[in-house]
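Consider the two complexes below, in which chain A is the common component and chain B and chain C are the respective partners.
Up next is the complex of A and B:
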């Protein structure tokens, strides 16, 4: 099978993985920063460099994501949902429910024992169900996304937000800051709002067997623990939750080419 | 008999002072963070503009999202009722009102001068004034310019997102593709008209349709709504004050039912309340009335 690359060019982050005979050997993640073509080239190059490979050594490239059309190399396009379930199956074969929260969308997927999509719900109409709201809040609070995991547990009195709209949430957060509400209480309040919104979606799907959360938002440990309480179910998070799509793209492409 | 209606919106405060059916003063000013203080100030300004003293006003009705913060009001009435009354007085033939406020949008159905149904969105910034405020920042244009500018467009840009945050990103994308500001504005108005239409549509839109609130001052949004519903929309000469006008009409009605003694008693209570509310550390400065 040789070397296969997988790319997932998202609206916020670009991810690349390198597989050698179906085994993950290298990956690289970098903010897209609005430059799809440039960051697609860059993440692939960095992932190759980490294992001392050149582009010529790659047999196949599989790709998915919003910015997929900007990739300059020849590649095989794979649908995102299939990539995510397949990538999760590769890392955690027992998982049957995947909650994937990216920058612009939230998806809940059921997978078959072989890692194929059995069912899915997608929400991409509202910024509050996505990672976008975390970026907005990080700006208001002048903090970074790491604080969202770190500080959420330290809250003594989580702020109550009266709205689910990202625009109105921003206004409310600014008012809370002006009133002197501690940062950790605002973060915990936001995590609760976000968890409520995502949980409502997961409830419609019903969790089966092991459940995993992926996408950039899965790095927010504060949110994950609130979600676990809301859903009454353990939620696993891969060490690197952002690369499941890229792994799936590489695996599916290699398989398709070999058969 | 002088009466007043004051409408404290999330963004703009409006006041109408009338004598019988004649409007003596109408004022519009941005709502500050301190409604109570502001309510006093706009009341005083409005009174000054028609040379009246506070005690000459027989009855005051407050409405709008900040209506509970008007300590000198004799009565609070919901903005739905006040808008309905205001519009019905100006345009008796109107059956459907579309009110686009600073942070919400509403649809009101009227039959025989009575409100029969209403629908409201205050959960999501799309379809409210807030959406356009965000976009003017992105596009670097003034709020009052966006309507006329959008009408110059020949090929509206495609805006598919309903979410304000995502639409903002879509605007950046369209700009990077080389779309003109006019085309993007036209696309934004179209997208919002469809959002508002799908909400109001639940009420079954009946002619005549009136548009009020700050959104009605945006000619681009009014035209986009007309395109969407397929017939002309009536817009009051000053679409912001229909709520305050309705409140004043209600005040007139209520006051007419009260005896002079009851009115006097009301007024005495009103003054007292205002003083207790304004326990200012620096007395005299803000206590205008």
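Up next is the complex of A and C:
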């Protein structure tokens, strides 16, 4: 089978993986920064460099994500839902429910024992149901996203938000900051709002067996913890939760090409 | 450089020759009404009432046009946006019914043009009415729509026809059906009185009876076409149905509609007899619900091309009902009672299935449980409509029922009947692409469960 690359060019992060005969040997993740074409080239190059490969060594490239059309190399486009379930199945074969929260949307998927999509729900087009709201809040609070988890743990009295709209959430957060509410409490309150919205989607899908959360938001342990309480179910998080789409794109592309 | 003023549409190519001819009936309704008005005949704007009021108005010489159909027409040719924008500017919220907003926008233009149809109105426009015939069937939004039109047509009376839409358990209560029928007949008698007063003429009951005979024949034939669609591969798909439905839904009393269905039947039958599918390489059979994105019917052509998906059956409320049992009409000579029985039957006919599956409501839900088996459906395409509450209320329930009871999964692609700004075809393709895997999975589950398809 040789080397296959998988790319997931998202609106917030670009990810690339390299598989050698179906084994993950390298990956690279970087912010897209609004430059889809450039970041697609860069992540692929970096992922290849990590294992000392050149582009010429790749037999196939599979890709998904919002910025997929900007990829300059010849590639096979794969639907995102399929990529995510397949990628999760590759990393955690016992998982049957996937909660994927990216920058644009939240998705809940059920997978078959073979890692195919058994069922799925995608959130409404709304920033409050996706990772986008985290980025907005990070700016308001002048905090790095990476610190959300740590800060959320320190909250003593999570702020209450009265709206489900990202625009008004931002306004409310600014008011809370002006009132002197600690940022830890604002972040914890935000986590609760987002968790409530996504948990409702998961309930609609009816959680089954092992459950995993992927996407950049999965790095926010505070949110994962609230979701576990809301759902009454353990949620696993892969070591690198952002690369499942890219892994799936590579696997599906290689399978398709070989068959 | 010349400006490109052409409107980009996403029309379906349609697979049936007769489906490509069906647009004639939509245009005929509009142009006939304009001509009739010029000749001094009364015009009515009618909601879809499942034939409750149409025949009576027509038997009294009134020409009917249907604003809902007109909304679909405007959307299909992508000319609804200007009317939607006018409705917006008049203060009608954009989450109201798309058909209503299109109609309100048009009515304002009509009034502003001194009740002469403005030049360039799609399809020739709707002639000025002397009556607005509303219906309490199906939709709560419709109560206020025609009342709101009073802002632009303030001398035009609105008559609202009612029909009981009971739950499944109530349907089986002793005497319930008879009571409901008596109610509908009483409603119709009041309507006849009102019409006789409005038009200063008497209803010709013989003429009405003859129209009904013709209509029942046409509906029967349209139903037989539906039966042919059970064949694998499917000889006709939803893209065809959305055009073919116009004659039986709006003009079943028109002999031309009957002749048309004879040709539809012959064309579909020939395909069935020769094992010819509507789409080449049919791989998946799906049902569609509820109203389609009229502005983007070509979306379904693309699903056929990309994934081999045939839309084998669609929204129950636009189909001809199963023919009524002989005893249902035996000895019934009052045409008003025949109308009452027809409309009531249309709404209640799936209650047997609803009871079998212990689900409600019988309409908007149970039909799909029946059809999934009869049409060997692999999946359910749910199209929640931004501006249509009734069509969306039961959609998720239907999706879940099909999955739980028959192992037929559903995919949800939101949009709108009129407003193309809220329909994202790329997102739709992406969802359906993944859904193909889901249908494969459920096929295996049905096989394991020993189900027939």
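Following the convention adopted for this analysis, the second predicted complex is superposed on the first by the 258 of 259 C-alpha atoms of A that agree within 3 Å, B and C clash if a C-alpha of one lies under 4 Å from a C-alpha of the other, contacts with A are read in each partner's own complex, and residues count from 1 in each chain.
Note that a contact is a pair of C-beta atoms (placed from the backbone, for glycine too) under 8 Å apart; a residue touches a chain by one contact, two chains touch by 3 or more.
This one's a predicted model, so the numbers in the text were calculated from it and none came from an experiment.
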- Query: For the overlay on chain A, clash or fit between chain B and chain C?
  - Reply: clash
- Kindly classify A:119 by the partners it touches after superposition: chain B alone (first), chain C alone (second), both, or neither? second
- Task: Tell me which partner A:104 touches in the superposition: chain B (first), chain C (second), both or neither.
- Result: first
- Task: Would you sort A:257 into first (chain B), second (chain C), both or neither based on which partner it touches?
- Result: neither
- Query: With the two structures laid over each other on chain A, which partner does A:55 touch: chain B (first), chain C (second), both, or neither?
  - Reply: neither
- Message: Just checking: does A:81 make contact with chain B only, chain C only, both, or neither of them? Give me first, second, both or neither.
- Response: second
- Message: Pick the chain B stretch that clashes with chain C in the superposition, from 224-232, 242-250 or 278-286.
- Response: 224-232
- Note: in the complex, chain A contacts chain C through residues 79-82, 112, 116-122, 204
- Where on chain C is chain A touching in the complex? 396, 403, 409, 411-412, 427, 430-431, 433-435, 437-438, 440-442
- Query: Quick one: in the complex, what on chain B touches chain A?
  - Reply: 103, 123-125, 130-131, 134, 161-166, 169, 172, 176
- Query: Can you list the residues on chain A that touch chain B in the complex?
  - Reply: 11, 34, 104, 124-127, 132-133, 136, 163-168
